[in-house]
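Note that the chains are named A, B and C in the order they appear, and that numbering of residues resets to 1 at the start of each chain.
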Amino acid sequence: MATQHSRLAARFMVAPSVGFLFVWMIVPLVTTVYFSFLVYNLLHPERQGWAGFDNYYYFLTDRAFLTAVWHSVALVVGVLCITVVGGILLALLLNLPFWGQGVVRVLVIAPFFVMPTVSALVWKNMFMNPVNGMFAHIAKGLGLQPYDFLGHAPMLSIIGIVSWEWLPFATLILLTALQSLDSEQQEAAEMDGANWMNRFIYLTLPHLTRAITVVILIQTIFLLSIYAEIAVTTGGGPASTTITYLVAQQSLYGNDVGGASAGGIVAVILANIVAVFVMRMIGKNLDA
Amino acid sequence: MGQITLNAVRKCFGEVDVIPSIDLRIEDGEFVVFVGPSGCGKSTLLRLIAGLEDVTSGGITIDGTDATELPPAKRGLAMVFQSYALYPHMSVRKNIAFPLKMAGMTPEQQEAKVQSAAKVLNLTNYLDRRPGQLSGGQRQRVAIGRAIVREPKAFLFDEPLSNLDAALRVNMRQEITELHQSLKTTMIYVTHDQVEAMTMADKIVVLNAGRIEQVGSPLTLYEHPANTFVAGFIGSPKMNLITGIEAEKLGATTIGVRPEHLDIVDSGGWSGVVGLSEHLGSDTFLKVGTKEVGTINVRAGGGITLRHGDAVRLAPRPGKVHRFGSDGKALS
Amino acid sequence: MARKSSTPAKVVVTAAAWGIGFLIFFPILWTILMSFHTEGDAIKSPFEMLTSPWNFDSYAEVQTRSNYSLHFFNSVVISVGSTLLALVIAIPAAWAMAFVPGKRTKDLLMWMLSTKMMPAVGVLIPMYLGFKNMGLLDTRTGLVGVMTLINLPIVVWMLYTYFKEIPGEILEAARMDGASLRSEILYVLTPMALPGIASTLLLNVILAWNEAFWTLQLTTHDAAPLTQFIASYSSPEGLFYAKLSAASTMAIAPILILGWFSQKQLVRGLTFGAVK
């Protein structure tokens, strides 16, 4: 069904989507690039001119930058590991026959639908608060000293919260993939004398590869831009500032527009490195 | 009216020349069948006529006006697809009325036409069902109904019977033929099944690798195949094509003898041994290994009692031997 | 599972699955439970809280102290509005990609997805300044616009995967039947793809409802959706656990219910049809 008429029509039909996305991507991005080379400080409007690569230099040599990169990596990798491994285990469990599968599925998927600000606040106050939180109450009940999670291990706590938000997603997708596993193939392998472990490694895992890559792609997209969880739990601070958060803070509350813009561009470049990597991986797995 | 002409129509998909160049004239009211092996470009040709694909070069005229650039909707043709392509979310009534709605008819006009089409096609009791609730044959009829209400200049059918079981196929074949006799509208019918072609067509177009091998009435093709391809394709069981000494004796590279034109004789002819015999009651199909011409198929009468291992002598009926030259073309 | 597992095994699995399910759901459950107690009781030990009297005071207080219904309304307008707008833009695009694919269709789809990869912070400053100059800061209009663009790639992708399952012959039949492109999309494609379009709608409403970067950056009060409203609880004054619980419960309840309905489509939709 490809006549010249329909091909021409198709061009017109994709044009709005492509146009909007293109403008949405290019215009602000170019502006940011432009700002990033300017001396542009709200506190010193009289200083103007080109900054060359100074803004980048200052941003990249700031100690906060490397720490933030490290935190971003920790957050993304940490959450990915926890949710993928946890998701596989949970999916294997939920795929076994048991009573009340429907209800348990509903319970497990629920956190995915909770808005980030709510989950962050609930965990911060009702669970991790060292005085009134559930964990503190439990510790006191056991005669232990309550632990100030967000105070002493902010990054780990945030990774925990975010993992709670995304574990359901990974589980649901992996469970769905598991359910499409060919049971005859499993039975054949069983007849061939493959034990549970072998069947898992040689049949189940390969079958899940596609689902796992998809989980990694989607989660990476969302994890790179985690913001609210940090904003409402720790509000940043040296021990829990990621690149995204660092740049957002500098953009909104700093006065150095040039510097913040340089930070934004660095964030874009870093994300693109990740994106190229992940898209390569996914491109093979999604047949368009 | 429904007279369609193809002038040097060519179609490439990228590098692949699916249809190198076709000239064809289809007369008004004719039942034309495009037949050929799978992948030879029948559907592509039909879709070019329908306007669902652009020609790479060449032209198509419908009733004398140039239709090469016209979009499908403007060509006044109706198509019945292999998958029926019914609208699954609409009732049978709405399916049949859809082209009328698109043509801007009033609901009353639509209903009247739907009713009369439904009557012709025995669908009156099913008008409120969805396609999903119908049998294959009924879906086929709905697809035809949707085509006839438009009163098109020509109907295009793309292997419409291939999704039906054998018994139903024979029925629908006859229904379509009857439909053609009552409507007298041009029909272009694509199939890979030479039986359908032989039984339905006024005119058969044999296609092979995007080329027309021969155009003619079923009997012309049967009696005077223009080349070895048509000789082998038309007729069932297939014509025996024989090369070697026996062919050279008749001054040809290849000779062809249809299985029904081989007689069992007492002396002379080719001698052989029966390899396989299939007794159908009405006919007996024999596979005979001969010294002179190798293994050949024979269609003999129902009363023949030859069995595996029996010796037999075969002679081609005089005047029924087709001779082909080194280029595969028939020698006169 | 073709074979029946033994009953004891099933009991063990049931206990484990319910236990884990309960643990995962517990924070939500606890929030809901806490919302029905007073502030004083809410900070007592869990056992004391559960045994203290139940009431709706916190809900009443959230309503009177803040303009909850305004934020709820904002959330609805922004999530539904942006998704509908994205659908209108995306349906033609997905039609083109699914039914008139070209050599670059796949690249185009990948490019669209890659725009989702671009970190929002990279464009925060110009967006913020632009919004400020155009007077769009803290307006529903501005946020609907941004959210439309944010969700557009996912909407296109999802529709594309649903459309691809519709046989092209049916659309060709419509064309033969004299349908214009508009009629073809309106009367044939859209109704046939309605289940897919509905799940696309549902999923993107959920995503937009929970989006918490732009909604936090570009709104303060008037156009603030529930994400921003809840975030305002992060710097509490005095006792606020019960009120936070009540506000949270109200903020997540509608989407939790929608989400439970859309579980099945969620997998297909969010994995772009790669996992079904």
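Convention: a contact is a pair of C-beta atoms (placed from the backbone, for glycine too) under 8 Å apart; a residue touches a chain by one contact, two chains touch by 3 or more.
These numbers come from a predicted model, not from an experiment.
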item	value
Pair with more cross-chain C-beta pairs in contact, given B-C and A-B	B-C
Central subunit by CA centre of mass proxy	C
Distance between the centres, which are taken as Cα means, of subunit C and subunit A, whole angstrom	16
Whole-Å gap separating subunit B and subunit C, where each centre is the average of the chain's CA atoms	54
Gap in Å, rounded to a whole number, between the CA centres of subunit B and subunit A	59
Multi-partner residues of subunit A (at least 2 other chains)	1-2
Of all residues in subunit C, the ones touching two or more other chains	172, 175
Subunit B residues counted as touching two or more neighbouring chains	52, 71
Residues on subunit B engaged by subunit C in the complex (per definition of touch)	50, 52, 71-73, 77-79, 81-83, 85-90, 98-99, 102-103, 146, 150
Subunit C - residues contacting subunit B, complex	167, 169-170, 172-180, 183, 187-188, 191-192, 194
For the subunit C and subunit A complex, residues of the former touching the latter	1-2, 4-5, 10, 13-14, 16-18, 20-22, 24-25, 27-28, 30-31, 34, 43, 45-46, 89-90, 92-93, 95-97, 99-100, 102, 105-106, 108-110, 112-128, 130, 148-149, 152-153, 156, 160, 168, 171-172, 175, 181, 206, 209-210, 212-213, 216-217, 226-228, 230-231, 233-234, 236, 241, 244-245, 248, 251-252, 255-256, 258-260, 263, 266-267, 270-272, 274-276
Contact set on subunit A toward subunit B in their complex	1-5
Interface residues, subunit A side, partner subunit C - complex	1-2, 6-7, 9-14, 16-18, 20-21, 24-25, 27-29, 31-32, 35, 90, 93-94, 96-101, 103-127, 131-132, 134, 137, 140-141, 164, 167-169, 172-173, 176-177, 180, 183, 187, 210-211, 214, 218, 220-221, 224-225, 227-228, 231-233, 235, 243-244, 247-248, 251-252, 257, 260-261, 263-265, 267-268, 271-272, 274-275, 278-279, 283, 285-286, 288
